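Shown next, in structure tokens, is the structure this report addresses.
When the chains are written out, they are named A, B and C in that same order, and each has its own residue count from 1.
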């Protein structure tokens, strides 16, 4: 930003006693200018129009309104795919968290001193995390066929990369003193790790895994859209057939399930910390 | 053996039962969730497709990847960024007033309960459902994507805004009161400087998340890089799939690094 | 018996930690090591446990050259040499007794380490060690609820449980207030007298070193500048050890 400070001179104030204080010219105009350019380009690229929005917004409420009252009897067809969605989330989150642990250990530079191993494992975690879950679910349906297994794989990949990253960053902040003390007693690095580092990271590990699970339940609901099983399949179907009261029932069921799971998991997480 | 030691040892807390129960519950949950693993048909065809996608990533369609036309990856990336940017902005505009009427230090408790319930409900509806609803308003395309992201952002933005508002240091307001400031002056000099950096940092974070969301909106025809990827996948154009995946990876990765840096700068100077 | 012969230690960045150390330590001695911070006291103590490697010379313990020990043999050797740290180095969120028993981990079957299961004999031996440092009543308290002095005693108990023949302590009382520091030093003294273990302590408080040790080793810029009984220590020697003058 040197050029900017050269272009706009710093202002200096001289106090009564002869001392001078200089203040850099504010960056606000530059930031505002870039911001407005950003908005202009975005509006142009996306075709955003307030006029369209206000004239047609009734359409949104119309669809929304037609979901009420939700068709309660439809629940008989909803609960099975909803349960399937939760099962997918649970298994995917569980195995993702389990596999994340060794990877996090290998990625943390205070426990694994081999720099090459650190970087390779971190690269794997980053690549996996970068692919949006729906995209990995889509690809999984091509490889494993349509169904809940593809969805479980997608959730597994997300949990693995999320928990892996959070955990290795946490491991790097852990106090290594007790580990060194165990090495000094003649314990092998593996035994020292299990005895001194594991108890320190365990609460955070479990809590992060639960957090990933909470988010996954919400996310798994749309995986069915690409054929990866669960409640998203019927959601997609009912929207397509414009049976909005059934859509309302599906959304209501997801809402209740998410609230129950989030409340339980938040209680557990509070207990852990 | 020493009596004193024995008596101390007998006071050892018994955790065995607690651990056993936890493990049994976990096993039951895992077993009852196992049906989700069914339905895998890992055929040689699936294996071939996996191989093809990998080959595609290493030999991407370079004319698509570096092309500057409307269907090139560059343009799709620009469009995805634009959708995420505007979506975050519109979401923020809706979230700010919603957050103020959901903060316990500003409005009474019953109001808070109602507004928070609404926020929670907004958050639960999956983004693709909003996408389909907005397509009826705006027609298919990136505009629908902007509105979808705006709505799905409200939940998280409000939740974090509320936390920031509730952490407001009321001492500063009192000292401004002591100067005899007006309400406007109190908001301008007492509230905004405290909230500004946190709010902006939250929005940068949400922009990062919205970018990931924006990559999948194409699935319902709401613009972004997702739609061409589906077409390429279903047409088995592996080199195009590779090009788009590379674009996606670079986009998400670069934005994540930039947003981390920016947030660090905003919050820590 | 510990025997240093021409021991030197140069760090990879070229800093000389130790230079040509020659001395012998008999079983059951109580030795205080004094010197300014950065003089090489820690390096000296840590080489005996091989937490630091030496780069030259020979370091014999009970007739075995330890500077070349590797893997299992090194771990076996470390069982005999207990180490106490300035920052206690305990796991804060687990119980006191678990911290004490952690020094038994090298001898346990791996599956018990993995599950964190300890036998009754192991628990009793940990309690005995805690009793020796008057911390028996805190056995099942979470470690992070103890004061600094109490934590240092727990770490002493951890080392006692491992039943070493040599006790190394790197600034064990530097983080403690004077009263607690004396209490912990009393523990070291009692253990030295009752169990006959060799004790080597780094102390930067000269008064404490002179009060408790029988033999003093003064280190300056990686070299031993005094090695002898407490009675031979004079103000002139102290001035040499603690002089700020960098010229050698």
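What we mean here is this: a residue touches a chain if its C-beta (ideal position, glycine included) is under 8 Å from a C-beta of that chain, and two chains touch if they have at least 3 such contacts.
These numbers come from a predicted model, not from an experiment.
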{"item": "Chain pair with the greatest number of C-beta contact pairs", "value": "A-B"}
{"item": "Chain whose averaged C-alpha position falls nearest the assembly-wide average", "value": "A"}
{"item": "Whole-Å gap between the CA centroids of subunit A and subunit B", "value": "6"}
{"item": "Between subunit C and subunit A, distance of the C-alpha-averaged centres to the nearest whole Å", "value": "47"}
{"item": "Centre-to-centre distance between subunit C and subunit B (centres being mean Cα positions), rounded to whole Å", "value": "51"}
{"item": "Interfacial residue positions of subunit B with respect to subunit C in the complex", "value": "1-2, 4-5, 8-9, 11-13"}
{"item": "Interface residues, subunit A side, partner subunit B - complex", "value": "38-39, 41-43, 45-49, 52-53, 56-57, 59-60, 62-64, 84, 86-88, 90-92, 94, 126-127, 130-132, 134-135, 138-139, 142-152, 218, 221-222, 225-226, 229, 232, 235, 239, 247, 251, 254-255, 258-259"}
{"item": "Contact set on subunit C toward subunit B in their complex", "value": "97, 120, 123-124, 127-128, 131, 136-137, 139-140"}
{"item": "Residues on subunit A engaged by subunit C in the complex (per definition of touch)", "value": "175, 177-178, 180-188, 191-192, 194-196, 199-200, 203"}
{"item": "Subunit A contact footprint on subunit B (complex, rising order)", "value": "29-30, 32-43, 46-47, 49-50, 53, 78-79, 81-83, 85-86, 89, 120-121, 123-129, 132-134, 136-138, 141-143, 145-147, 212-213, 215-216, 219-220, 223, 226, 229-230, 233, 245, 248-249, 252-253, 256"}
